[in-house]
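Chain naming follows the written order as A, B and C, and within any one chain the residues start at number 1.
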Amino acid sequence: MLEIRSLVKSFGRKAVLRGVDLTVAPGETVVMFGPNGAGKTTLMRIISTLSKPTAGKVRVGGIEISYAPDAVRQQLGFVTHAPLLYDSLTAEENLRFFGRLYRLNDLDARIDALLRQVGLAARRHDPVRTYSRGMVQRLSIARALLHDPPMLLLDEPDTGLDQHAAAMLHRVVAEVAGVRQNGEGEGKRASVLLTTHNLERGLAWADRLVILAGGRVAFEARRGDLTEESLRETYDRIVGERG
Amino acid sequence: MARRSGRWLMALDVVAGLAILGAVYMALVYAPDAANLTSENEIKAQHIFYFHMGCNVASAIGLFTSFVASILFLVTRRRIWDSIAVSGVEMGLAFGIGVLASGSVWARPTWNTWWTWDPRLTSAAVTVLVYVAYLMLRGAVEDPGRRARFAGVYGVFAFVSVPITFLSIRLWRTIHPVVFGAANPDSQGSFGMGPNIRLVLMYSMFAFTILAITLLIHRVRLELRREEVEHLKEQLAA
Amino acid sequence: MNYLRQVAAIVWKDVVAELRTKDIFSAMFVFALLSVLIFQFAFDLRVENVKQVAPGVLWVAISFAGVLGLNRSFALEKDKGSMEGLLLAPVDRSAIYFGKMLGNVLFMLAMEALVIPVFIILFNLPLYLPGVLLVVLLGTLGFAGVGTLFSAMAVNTRAREVLLPILLFPILVPVLISAVKLTGGFLDNIPLSENINWLQLLVVFDVVFIAIAFMTFDYVVEE
């Protein structure tokens, strides 16, 4: 679903990503860890076409991102720590707006279903300004899922959430991203690339784990090959080495 | 390679220096006084005109270079064009201020004022302000890639706005002498262009063209070295 | 067709948000009134014929208030990170430009629709002439056309809001001159044929600069 080959990104002459290789298979959930400044957010922004790579290849669903960015955007759902929503609009208006940008048909039914799924149906006519952090984040996930993308990017979606809200986020992601709702490939799982600082939660989510450090993929393992302790040990060693 | 280009540049420096010395001589000593001017001060001040027009040409070269370089940067994304664009603007701006200053010195005895809101003066001042804004924009962006893109876009807007602003001059009554093209019957301080005056003018514009090109090359080299230093500093810090 | 629908969606979003908060509109309108008031104090002492300064005062008020509104337009998107939401959608970048620009034109026209009657009352001038309204429309189009692009640049600089008027006003000089000339011409009952050059200049400016903004907006929003 996602293929990244020797990806380099520099700002000016300062390299942030120095040759990243990473793949995410269809239906697979890959969790990425890494210290601040390792380039996680930069990598997510490049995959999502927000930022242009300096060198290297990125393919989403077999399409090179620089070749047909609009086709790639259609296949991606992106959740970041920023909600990417409009405060003064209601939940329903926000989804309606993005639905129009994504040229969706049958928008009303889709919005109803999504709002129920993320548990916001009762508050659909309230402006987002009045929402709690957790509710904003759930709406943000609904926005990312609106066009039923086969690939989800989640950049630290659990930042700033309390335990309860994080648990709810976990449930929503597992439930909503787990099984695609309609359209082509119905019933198939979506591919997910997720970053988090919480090793325990990341381990619970992942099929596969990678650690990004120093602008490269420094470690890669299947979930079954790791325990939480061995992951923590490895993480500390890699991050410690880089100073 | 660098050695040889350095030698060529040194030769160009000497040529430019001699050409400007020649222009000073031609303008102040060789050039005849304008025939139709009467007062002593006006006659002396008229000799400024050669530098005024010289600065004008040099400024135009700098700004036009920046326009072309801005477009080429946006199309090719090669950093060198951005370096050339900023060099062109700085040089064009310096000579543009020279145009305003020399014009003011001339206007004082001729129009009896340092400055008037004549449209041609106004649009020259607006042009200077546009490019001051260009430099302020560059100064306000830290990421070099974004700085180059923003500057490229603004560089295109700036240069396209200049002729449209100048177009508005032709629509407005002006007291500025028109030396090329149709004479302006309302202008004050205009003078006949005898063959010698024309010769000195042409030579002076030619000398300033060489000076402009020489300075531009130096400024681009300086910009490239500045970037190199910035890069080395970053590497040391990392 | 899809393109137009996406442009319309962006305009719709800005208008709905604005109708709810009235942030931009109220700030622009009050600021325009204040500038008229300040000019009134400043000129009242010396100027005998209001008609001579009124077109200038009107356009200065519109420009100052317009800059205020343009700044808010992208500052709101930038602060909440919602600009990225727009960029993530499969929308041509130029559709974002046209959507934001048309929104800005609407907000400015709404402000002008209230400022002009105030002018008519305060200065006793017949500004509701169709010619004047045409000039207001064309001037606003040029203003917002260039201003929308520059405001997208300004919010991404260190200086932010401060930079927009500095970038914008020197480029907009032809719009301001020709709008003031034309407005004055209509007020003095000068036949349009005598001022047709100014009208042409205004139209040429609008077309040329909106075209350049259309072509260069990609460079401003990419990273």
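Following the convention adopted for this analysis, contacts are C-beta pairs under 8 Å (C-beta built on N, C-alpha and C of every residue); 3 or more make two chains touch, one makes a residue touch a chain.
What you see is a predicted model; the values in this text were computed from it and never measured.
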Topology of the chain contact graph, where touching chains are joined (line, ring, star, complete, other): complete
Most central chain, Cα average position: C
Inter-centroid spacing, chain B versus chain A (mean Cα positions, whole Å): 52
Interchain centroid distance [CA atoms averaged], chain A/chain C, Å: 38
Inter-centroid spacing, chain C versus chain B (mean Cα positions, whole Å): 32
Numbers and ranges of chain C residues touching at least 2 other chains: 222-223
Sequence positions of chain A contacting 2 or more other chains: none
Of chain A, residues touching chain B in the complex: 11-14
Residues on chain C engaged by chain A in the complex (per definition of touch): 2, 5-6, 8-10, 12-13, 16-17, 20-21, 80-82, 84-92, 222-223
Interfacial residue positions of chain B with respect to chain A in the complex: 143-145, 230-231, 234, 238
Residue numbers on chain A that touch chain C, as the complex places them: 45, 48-52, 70-71, 73-74, 76, 78, 80, 82-89, 93, 97-98, 100-103, 127, 143
Residues of chain B defined as touching chain C within the complex: 74, 123, 126, 129-130, 133, 136-137, 140-142, 146, 149-150, 152-154, 156-158, 160-161, 164-165, 167-168, 171-172
